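Once you've had a glance at the structure underneath, I'll fire off some questions.
Residue numbering begins at 1 within each chain, and the chains themselves are lettered A, B, C, D, E and F in the order written.
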């Protein structure tokens, strides 16, 4: 089985690290590859960025399918372009936020998402709503560190995430936590251990591995998204500044 | 007051007609202009099309603001790019679907949206959900005529719309109707009259005029969207095949 | 166009001021008139007051329609008698709360209503529920100053409103605010400016102008409420201590 | 224990029959009295009628409390004036619709209400919403016989009610039924038997006895409505064409 | 009328006290009996305990019906086995939590449940959801005293309950309170009085009497649960370590 | 990795077939074992049966954990005893219905469950509600063949399932289908193919393999259910007719 991870930004610096994280989560027979965007933004924070990365994400999904990939994962908690990709290709397309929220919903009464900046809170709440999980959402909290600054001071980032994690458990009644940025890949077990130390034992999900297991599962099961929800793209005659794979 | 209408496709054939419809709805002191996209798809049916038109819609909104427009209307019932535009500019950005759904909600117990093709039904239901109006939605029905064929046989289109309109009233309990494509501009009064003839007297909204009145109202009231919901765009360093106004 | 404002109480002291506020919001071609009740209560706080003002509000709406008014606004955030008026007359009847809540829902993720006294909080929450907007309501907060005392100490009232406004933004996640009493007409821009000074930049709606724009919009669009939701009144043979216009 | 039934219309013809029905349902130690309105409409169908009966219902509730009644029942499925009465008096005030809907919710998965005319369907759906029971409502169906015609042809009325009852069970999945007009008092067992004969065995509630048991229960338990929801009426200075008990 | 109370545990120490409490609430013509389980757990806190008490609760309900009981009450706020009993017998089966929540919903805007330990909070929230009352639930709070310790220090228990009761009113907006353990029978009036002293006048329900009044009411009304929701048990051929009444 | 499947009935006839189905779905490194109940019912249809199988399911889960299993699957679409098992053991416990509903929610707009008999419809609707997925549920339909008769006429069962499957798609708007009985294991691809032939191309999930992939995924990810939702069992002193593993 071959899973293609789309790094849905033009930033290449974390590409290898991301690939390693997905490979570590993959099962024995699973090949994992990664591709970074040619066009778009350095990070995905907000609706404008989401709009600028979507077209090339779709192109990369089409290329993945043509290259024989069995499923695509879009490595961003905004799940940018995911629904469009499901129209564009015939293989499963997995968003880490959607996969993590459904997994969290199975693990406990309510879950909280810990997002990077305040301005994304409405977006994440709308994701839970669209995914049909509003009733399972305890809260969305932000630690207010932009994506591109997450790695600059690992200790400060960890402290900030742990603080909002604890608040989500104690004040909002979260029973499961989702660090809401794939840039925090690997943080989950550390946060879970720290929370346990503080008397807040809850599962903390690491979205990239959850997305990998979801993608592998769908491929194994021979399932893909419903064509009644995601019809074939209707874009004949589109005009675009660079060649598009949509009209071929 | 100056309202800029964005024709969010690359199709220019209905530009003048669209402009005329918005001008007819505008108040005495309102200037109306229209702009068509340089990049994108001929029509907007589905998530891929939505993704391909969004970047240039945002560019056109920024240009409108720079040209002194007081508000922007994105003339499509998918409200494509509307949330991103609200990040990108400081003037009100109105989507005809959102404006029509809220107006319909004030006029009766429940409303139905009549959309062009079956594959858009989940999208329209998700719009009602995101706009907070799921409880006011009686149904979404489709008459299965693609946007670009709407004008090819006016009589057949009218009959098809009237048939689903009547079904929405009689079978789904709709008390207000919204023809869910701006390509049906002007159909509303004809459908309303035909339904009355069939014993189904309900208000039928014409989304472009509703959007115009909503835009004029927000400008008059000195209101714009909340920056807490729509933060400033965070796209420094974006890479794009043609010049982008975002990074200026 | 002629809009009739109903001052839905027997208090005449704020009649001229109210008329001025609505006229200031009206468009160039709009004539505005006002009428105060003959029977009812001095203010509308609670279900009993709501019941005592409703009959004469309906009478005044019928008189307005007979006098050629194109729409009616009931100037109270409880929207008293509004649904009954929609049965009684064939012109649009606008409630400031309903119009403001739908407008607020379009401007941001969630809105809060700031009401006069604690005992009205359940009523306002029920309004959001009935208008289909419960999912867009961040909170209802009260500043605990009865309607008839609002004007007695403008500074104290302003401070109290600003304090609950800030709490709604900071603690409840409100992105848009609605001062929930038409007796606070004109407060909105002052509260918005004060909140901005405190780092809480959010739109603050002034319900009477919002109601005026909604009424003008509906008249321009040729829309009225659905007769399927608001059937014709069924009150033949009613007995009442003073002449009623219902049975004519 | 003394329960006062308010016949919330000016029609006296069914007063004795109504009193008998409530007495038949009352426990051994319960005294039941009835009072008819001096002012209002002959029946209660729609918002205008609801507004015209409410003031005298409140007056009658206050008089009941002064006369030593332990609880008040407002004998109409629109529950007119019930919330206002809860402000006005210190004894429990029971609405047959609210009591029946909560009882039905305990007896099965979902219930349907069978109402008199189509134009009341939105009102009944809003009742379920306000009472917090929207998720338990299977449907509201109407048999389209106005209240004042219910008694004119008992057989035709029974057939019409049975037909919509069967449709509610077979097509809407109702597991419990509520005939939604107190003018159908006594119909419940006949409809239940007829439905059983048709293979649709479901409980059919008779709202007046349910209201009586609810009222007796609250009195026995020493409970009344929360003053935090229903504050004391705030109507000092009210002006009314006939003497009002509110200001005493 | 004969009401059988099932003490759904193997603990007999509170049997007489429980019987006395139910008898005190019963009407003049009502005979009350009680039965304690042969198999199960000493208290019911959590899903495992719920599973261990359910089989014998069902057996006891069947025996009650055979002994001529007119209704059964399962004396535990988890309502264990209640839905199964409704399949197993043809008489009404009342759960104190369900009956109390519906009664509370009629008495005020929102209610809170005060439960024994934190780990039951998700369970009680799910009860409100299943009973269709999630929208009426202000909060579930716990005072963290296990059931079997409730009686060990009455003063400490009372103080703990009163403290969370006050917090539910002041912080969560509860307008009605339900002490969520039948082991607190009799606490309600004391808590209500104490809260009134602290300025939080709200009704506090005592679930066992509420359940008794609900059971008596259903019997008087000749109602039982819908067979469409609770079909006849389908357990032919069951194998069980002790004789079961199900297969007779 | 070792996954223990619990066949939650006393019927052994399908044990080997069930084991084979789970093994076929398991990944290369996964060992699968199965255990059948000693006590309980032959099938699980309804609340009484659910109550009778739960205790031994819990015992079997405890034994599985002691035997070194990494996760437990309870092979029944009623997910009987699943929540109790999560209290009782420290390894993941997967219910096929919960796993399938969340997977279906990711694959399309709304899903339908096809259940065995009408009397289970309310139960399945309540499952969707408790799992937080009511908004994603298109419908629950039944083909009215009891579990123990499913295998008696494969062709008739297939035709019945296909018929309700098609109705769910065409009439209820289902975009994904879940055959709601593990006794239909293996039917999914046949139903999917037949529906495609009838013009209703939708994914049809086979719950046992979905449950296996979910269990394997959770084990791989090192996740288990939240102890804040599922506390440790509190059953010291339980009395039971056969030895219980709970008190060890």
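Convention: a residue touches a chain if its C-beta (ideal position, glycine included) is under 8 Å from a C-beta of that chain, and two chains touch if they have at least 3 such contacts.
Just so we're clear, the structure is a prediction, and the values are computed from it rather than from any experiment.
**Q** Smallest number of touch links from subunit A to reach subunit D?
**A** Shortest path length, in steps: 2.
**Q** Between subunit A and subunit E, which partner chains are common?
**A** Where subunit A and subunit E share a partner, that partner set is C, F.
**Q** Comparing the two chain pairs, does B-C have more C-beta contacts than A-C, or is it the other way round?
**A** B-C
**Q** What chain is the most remote from subunit B, judged by the mean position of CA atoms in each chain?
**A** Comparing chain centres, E lies farthest from subunit B.
**Q** Go ahead and note the Å separation of the Cα centroids belonging to subunit A and subunit F.
**A** 28
**Q** Just how far, in Å, is the C-alpha centre of subunit E from the one of subunit C?
**A** Those two chain centres are 44 Å apart.
**Q** For subunit C versus subunit F, what separation do you get between their C-alpha means, in angstrom?
**A** Chain centres of subunit C and subunit F, defined by C-alpha means, are spaced 52 Å apart.
**Q** For subunit A, what residues touch not just one other chain but two or more?
**A** 109, 122, 129, 134-135, 175, 228-230
**Q** Touching pairs of chains, all of them, please.
**A** A-B, A-C, A-E, A-F, B-C, B-D, B-F, C-D, C-E, D-E, D-F, E-F
**Q** Which residues of subunit F touch subunit E in the complex?
**A** 10, 38-43, 45-52, 54-55, 58, 81, 83-84, 86-88, 117-119, 122, 126, 129-130, 146, 228-231, 233-242, 244, 246
**Q** Which subunit E residues qualify as touching subunit D in the complex?
**A** 25, 27-29, 98-99, 102-103, 105-109, 131-136, 169, 175-176, 189, 201-203, 205-206, 209-210, 213-214, 216-218, 220-230
**Q** Mind listing the subunit E positions that touch subunit A in their complex?
**A** Checking each residue of subunit E against subunit A gives 121-122, 125, 129, 134.
**Q** Per the contact definition, I'd like the list of subunit F residues that touch subunit B in the complex.
**A** 108-109, 135, 173, 175
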